[in-house]
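Chain naming follows the written order as A, B, C and D, and within any one chain the residues start at number 1.
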């Protein structure tokens, strides 16, 4: 079993689901012969045909709406945003139409909206955004954020099979930067379950997406200082895995949250609130956070590097929290 | 057209009209929760268009298309329940008015954001085509809703996909208080059809037979793989945007002109001309519908409000 | 000086600014002769003319974009959403175009986007939303949430004069339910400053909008039990008034957040995170929250009442926190 | 048209072409940060349209309208700085490529979301009208961008407001890899004009004089209070969507056909025909522009990257 990239893992997951269930279809721009801007759908149209791989005009709200309509006809549509930033153009369709349908009249909208998310590749303010917090406040949606190739595959498959609308945020920085052996066969990663990526004694960092790798690198450095840091990868942001969050708090009694997304009203706040409510007495220090600053994602390399949380930032906050 | 069919049309026109009137009474009694949106004057469009459909076809109504729902087999009591926000309503009181749907009946309830029905029903229509089913999706929009981006995105999508979608443009002269002339510069909504490679079609929306024939042709074309159509139906909104609105912005003469074109009175003339029914027969039908509606309204009035805690649950599968 | 309603306060504030500065214009649906769905612009078109009160077709993204364009021509546009729920349709225009402009190339976008927000009037899922958290995560925006008639007037005037895009959320439940004497003359309420509505000794509730009144009522009841509750009205959600938040924490050492908005990823999380970071040692108990549940806003009266946080909920959490 | 004007047009066409080519070299050298979007083959549209403007007019370029910026007085070095993400760039390195603007020069830089320039420039145009200024706003969109809701909302808004907005539709056959035929069902983008009460206008976008004349007439009409126009310019994108794209999806013959219609070669024939310049003179002009560009590129290359911490600040006034 060869190693595959995070990108290839997504492609395989989609391919297998298209193969498994003829109700699975994909919609998006340039996803036909071109194979999509990042080639996630490479080869698919030849294999599955234009009835399954539906290349659309440029209309994110329109084709997301159409995906909702297709789901009423029993389909399980995957909607590709060429860059996830363009999901903003479908904001009302997702939060008002898709998210509220089951609650209102019981209809299922098993769509997956996915696309390249996150910074680190010089994409600038409109091709680098973290869009999770635009949607994390809307009941009815699920949000998954794979950090590994195996999760990328297992979560896309779980998302496609999920009966509710799922926003699947693939981190474009990881596309070709990580490679892994991915288990063979038909398996999924459950939505709503976090994973401890590294166990620790002294404190925990709660994170997701590309920052999982930054956290692991920091944990390695901290080990040399005899600081044992647990790394919890959330994998799903909505619904959050409260049990795993509380378990790590109860285990190490000191936690901080790390996210690439900007600071104010990022997911760290929700996590701090949950911990306050349910594990305040287990805390031996404040819930801290390491995040990007409150600016758009800048373009120039020194700016983007400054913007992104770094291993050294993580190490510094970990040291501070351990010393608390 | 058979006499039975003509009488069926008449019954639905009346049902639509009398149902709205009874809802207005309910509103004055303070028993409607939230706003009430009447379709008075526009019944021929809902009824004439929905009657062209067959089993397996879908509709995407807007707030004034109660007539379409009734034609498609929705129990009037369900609509009353919605307006009275009862536990027994199709949404269990979670949403109101015509904001409900039923996939098994082919009804996709709207959300409030104008325009959004178009892409969604375009997707439904595409699904029919992909499944090789000889079905169509019928969707409605007001003149005002056509200024929304979603209208454009959905129409273009349907056109490119050659989806079996029939779009009814209800030109009732106003979007809330804003006359059509201040919403767009075209003299006819049909001027938007060529932008999607479609034919310009404008009809008298207060002539139910013309609606029936024209929509029927578009539905048949879509069913046969001929792709989408847009049909402008000229009509008038004979009441305010909602019951609270006294429509002071509508010139009296305009209202009077349109009162003379009332779709139901006109259809009664047809019935009489074609000797399908005389005035007495029409009255009898009216009375029987009224009677049934009274029973329906009384019955729903005894039904419970939902329990507060049923606010929870049902957000996810 | 007669008492005026919250609604009239908004109207007066806009009127005075239209009068004061000929660059102030308003755009929206039915805001001309009809005076807007809630009559906020009643009489304005007759007084200021069609060049200032610009009635638009139904196109929230379009007229918000046009407002951005008008601001390039030196105007200070006020954009009315007929119901604030429709702001979702302008989401990309606001978060991508308006919010990022100054950061990118230094242009000022002094627009105000305002409209009736919040629940309690049987509006159902699409006419009752709290939209603040859709925008609170986007650097470049400001969000104000007046709770009193005086603030409604002072904050609309401040918003219109502000050089950055401001989202002004007027609570429709308060429109005609509260009446106050509003000071005469030309004055504003500064954006970014919270107000202590009631001082207290034992604990603090941090809240905003219509919930301020619920909090005050609860504080009155608690007083009878000899519990002295401080009520902090945030007034601005972005930027948050960190000083006032920290001051009340340091004063009472026990705080909870109350918001009508749904729970997960509501503003309570951000407040919990700030307090953890900056005043953890001042806490004698967890930062708790009282919020609406994670559902769309339901329509039927018993459901909507169940959905909305109540005085009794506030009292219960206050007692719990005091006993902590 | 005077010889001076013809030579000015020629110089801008060349500047646009040679500038793009030099950027492509920069890209191959690995010195461009992010992607590079060429306008090769479409220069006549940018240059011909922007040259019709006067002081106080505004433009809303898209990513391929570097020619318009150069005509409107943007320093080529500023564009190089943007692509090289230098501290000295108009955005201080915060954004790239043509994503910058300058109100004082009447330039509204785009955001990436297609369609959104249309409402914004419609607002600019409305502002001109409200202020009683005899100015116009010129905005560009690709064929693909026309499927976005914002295109529709902005066009309708401009039409209803009778705003002095001139919209250039660049029909270059493709949206990224998607041919126009799979984005829409109309045979011409101009078929969308009547949807806003506007005239259908389609011209040869590779004929700079036709662009100049047609846009000039629309600009004059808008300036005189005649409201908006839409002009379809037929052209071809002679390079990939961005430099990474080998455009394997474009049939070789299609590319060859369009290479024969190169707007610059064609304009050189005009110059020769009208005896404005001979081949040698053309070469001299080319050389002098090339020379200047080399100096510009070399000079920017010595300029610093921004300091990381300048990422902060400037979000609010």
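Here is the rule we go by: contacts are C-beta pairs under 8 Å (C-beta built on N, C-alpha and C of every residue); 3 or more make two chains touch, one makes a residue touch a chain.
Since this is a predicted model, take the numbers as computed values, not measurements.
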Both-way neighbours, i.e. chains that touch chain D and touch chain A: B, C
Chain whose mean Cα position lies farthest from chain A: B
Whole-Å gap separating chain B and chain C, where each centre is the average of the chain's CA atoms: 36
Approximate Å spacing (C-alpha centroids) for the pair chain A, chain C: 31
Chain centre separation in whole Å, for chain D relative to chain B (CA means): 45
Centroid spacing, where centroids are CA-atom means, of chain A and chain B in whole angstrom: 41
Residue list for chain B, restricted to those that touch at least two other chains: 91, 94-95, 99, 111-113, 147-150, 152-153, 156-157, 160, 182-184, 315
Set of chain A residues in contact with two or more other chains: 57, 59, 61-62, 85, 88-89, 92, 96, 100, 103-104, 125-126, 139-140, 294-296
Touch-based graph of the chains, sorted into line, ring, star, complete or other: complete
Chain C - residues contacting chain A, complex: 85, 88-89, 91-92, 95-96, 99-100, 103-104, 125-126, 133-134, 136-137, 139-140, 238, 240, 261-262, 264-273, 276-277, 280, 285-289, 294-296
Contact footprint of chain C on chain B as seen in their complex: 33-34, 85-87, 91-96, 99, 111-114, 144-145, 147-150, 175-178, 182-184, 249, 305-312, 315
Chain B-facing residues of chain A, complex: 25, 51, 54, 56-57, 59, 61-75, 77, 92-93, 96-97, 100, 102-108, 139-140, 142, 162-164
For the chain D and chain B complex, residues of the former touching the latter: 115, 147-153, 156-157, 159-160, 182-187, 191-192, 194-198
Contact set on chain D toward chain C in their complex: 58, 90-91, 94-95, 99-103, 108-109, 111-113, 116, 118-128, 130-131, 137, 149-150, 153-154, 156-157, 160-161, 314-317
